[in-house]
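Both of the next two complexes hold chain A, though its partner changes from chain B to chain C.
Our next item is the complex of A and B:
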């Protein structure tokens, strides 16, 4: 079973909440499912990142070829001031699991 | 496609007429819920432009004036792109995905965006915020004939079957004749699965052949744009216009790609067809098993060499996918914070609480579940045991394929799905993850290895629903794969769907398509 501190930590990292016991159960099932991986013997096997690992990545010259589309990019943002995206104040940690319910209920 | 293109060039039909007919068919098949957005004005404008080109005798190519549809996880400038999620409702992209741009540059007429599972996560096209997509075959004469008389009266509302997913909208659109080709995406079988259930051709190209620029990513190392059409020749045409290096997507290969026309193969004796025994998965319906055997015999009787092969790590591909997919999803979904685009919560206490609230409001359970699982597998204490372990298993799966193709096998023949399409009411009894784990088993390993694969509609099941078979080819050998698939398509003569709505609109144009499919 996953420890409460880990659940808390996960919610903080993912910035997504479990919402209820069903969500937590879903995670437990997912972990149990993934445990089947340990049946496979992978001694001496290198991990694979991509099927194209034998090829060289395409690199082009470091010249500016496009851009200057500030207006279009800002169109989709809800809160903006001049050419800035506006975010609420940062450096305020997310409240712990218990306190969260109270805070999020207001949203 | 060749037939319609010829008709357009000869002036037997105009691009505008074609467009209008498709648009009105979309309206009369609205109950399928295949489309999220229909770009009527823009499509008619494109059709007009195409018409002008034809009247000057200067069409851009085979695709000029052809109505197409695109899955709603491809960015389209000026048309809403939602990924069937609250997170992107109302989001209008400032740019076109490369594949969309390529289609438009060829003169194709973009009718609209099709429905999918939220963020392409799912195998039924049932979990999007715009509702589930209904399989057009639910309303076909063939299916209705086979349903029990008692259920026929409440038929329309309760007995309909799913399209499969996650590109269900695209598959339904092509299957119901509302467009001539559609784009889907394939990460674990998302193009081939609905293609099999809707009786259309679903092509998953080799990873790296077609640009992913503009395709909202799910799993960067496995996603590819998928092509859905009514026949194999059409898939080759669309592939020809989309494949090739894209400087905006560094995961596309730099080799020169030459579009090809498929030869009319008559002699298959030079081919070796592999039948992987592990694909006789638990839960495979006896009908499909029989069809698979029949297909193998077909090749044998035609002179091809048919051998049984083994891909021993197949049964781990789902678990491996589960870990790699959720891990990549956790990373890819991190961009949705409400600041630059998409939904933004009213919560304003702090940056983090705004992000958390935005994401809780914008994502559904499936997406949130995967993000959390993914983050779990990426935790420092779990990284080696789960993520890296899955990457190692991935290599084993890929090596299985390398070994088999290296031993002289040219094409693998497997079933695409475990059974024909299930009724929606039955499908929703199990949750998304369980369903995906079951349904993806036959298609997933191909994405792991990045190989090309195609679903070819083969026959109708006992219940009157389509069943398809999957052909898997060597990396970047699409021409060989499609040539064999085309031969097979010709042998099986898959029947036309008999839909009332299509019959009403049918005036010659669709007749061209029908003769193409049965010739």
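Our next item is the complex of A and C:
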């Protein structure tokens, strides 16, 4: 029911691996479950996007109160170069869904 | 028809006025948008004119002590990752806390650009993966930004010789508050990227300008005016070289009467000069592509300042799906005005739009008008005075110290002083000729102690910055005007005698 291109797209966006038929089925069931929301008539009702919407948004004074903890931050980094975090050269493109299966079969 | 460009008839007229641009060469001024009419020379066919359409997305770094949602410091060029809080590094368990100063900066800017300020605005998450965006999303204002529907007026010279100016307007679609990302340093040799998060989380105002412009010149003039406004307000220092003002251009072309063409986005523009070049190059590229039967892809291109052209950017293939969603950790931002202000309220927690409006400083357009009125100079002159950092102050200092009329002084300031500074790429504040020295020189001229030609000679000497006063140079080079009748007769006689033999 969910097209291969959509699955591919979702995997890239969310970096979630649907991997097998069970995973895909679970996804389809989840979508069907959520579709029930369409049965509610929401004409003329403003969508609520947060239970916090009536709260006051706290405004902070423009003072410097944080920072200066380079060592602590870098403690979690697997690799570092002179106080810089290290990352791959660019976004590594995910292989397409069909290619992935080939890789899996090979491993 | 595109806004900012005249009707078809005007294009044709303007096009005919400058026939020399019939076949613009690549590498030279690629697209001659005659701003007075908006014409662009047709390509080889010479038949159907093209209407270029330029819109801009400008990111201005907010001038504040701390970041938009955290208390770490905002500072250029600090040791890597030293100005980073746990929230900026996106460590779990941290939450955003909005900086009041950033809100005020955005409101000020919105008011200065004639926007409607949304008393209720919302924050959203924009998701994409990149090493310098640790959270995997940017907090921005996609649905309901803080300010909408404004305008920006800017001036252009119609004709260098005619010295007339025209005022153009570009609509401001919206201004939104958003986070800046960190900085990536690409190390191609070792195939890695080094990430510095000092800039991650710094407050930005994104100013979206509608596609009302038609060429590099207009885009540059509009951005320059925005820069001056931001600097006058103090909401951003807007120095492009330090990345405090970043401009992305959206460019497309179409035939008059037809729908807009496919647009490309041009990024990596690091100065006003490059902005004009990048826009004009892209317009020309698109025209040539379409005229040779090709199509324009809706892509993102980077401007290569070395080659003076735009190239497709990698890592931007395919349409991005940002999965916008409301920021769950931030309630709506509510702003007040004098009418809606609740009575017993903590003033630190309230941003009053009217209070800010009353305290706005004189904007550049107002300053220019005042200069014209006060000193009787041309609008074009006041434009130049405000465009050069420190020049207005210099001019006014000279006026204070000389009897020469401002209308005459301005000529010396713009034609002599400024052209010299430009030639040698010196800023006004680094000028070897101070306002004091120039005023001194102009007084000698005004008192008829030297001739204008001699004055220019003295000025040339003063540029050397050897510490001599104008009077000393005049005496040294014997440039004093001779007023004694008898002496003049003697000189003339000598000259005549000298030529008697011929």
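Worth a mention:
Criterion: the second predicted complex is superposed on the first by the 98 of 107 C-alpha atoms of A that agree within 3 Å, B and C clash if a C-alpha of one lies under 4 Å from a C-alpha of the other, contacts with A are read in each partner's own complex, and residues count from 1 in each chain.
The working rule: a contact is a pair of C-beta atoms (placed from the backbone, for glycine too) under 8 Å apart; a residue touches a chain by one contact, two chains touch by 3 or more.
None of the values given here were measured: they were computed from a predicted structure.
Using the contact criterion defined above for the overlaid structures, shared-chain residue A:78 touches chain B, although it does not reach chain C.
Applying the stated contact rule after C-alpha superposition, one finds that A:15 touches each of chain B and chain C. Of the two partner chains placed around the shared chain by superposition, chain C is the only one that A:68 touches, whereas chain B remains out of contact. For chain A, the partner that touches more of its residues is B, with chain B and chain C as the two candidates. Once the two complexes are overlaid on the shared chain, A:26 sits against chain B while remaining clear of chain C.
Shared-chain residue A:55: touches chain B and chain C both. When the two complexes are overlaid on their common chain A, residue A:37 makes contact with chain B while staying clear of chain C. Where the contact sets of chain A with chain B and with chain C meet, they give residues 9, 13, 15, 49-50, 52, 55, 57-58, 60, 69, 73, 85, 87-91. Residues 64-66, 70-73, 79-87, 89, 97-103, 122, 127, 129-131, 184-188, 191-197, 314-315, 321, 323, 326, 328-334, 348-349, 351 of chain C touch chain A in their complex. If you check the complex, the residues on chain A that touch chain C are 9, 13, 15, 49-50, 52-70, 73-74, 81-91. Against chain B, in their complex, chain A makes its touches with residues 2, 6, 9-11, 13-19, 22-23, 26-27, 29-31, 33-34, 36-40, 42, 45-52, 55, 57-58, 60, 69, 72-73, 75-79, 85, 87-95, 100, 103-104, 106-107. Partner chain A is touched in their complex by these residues of chain B: 91-92, 94, 207-208, 221, 245, 247, 250-254, 313, 316, 319-320, 322-323, 326, 330, 337-342, 344-357, 359-361, 363, 365, 368-369, 371-377, 379, 385-386, 388-396, 398, 431, 433, 437, 449-450, 475.
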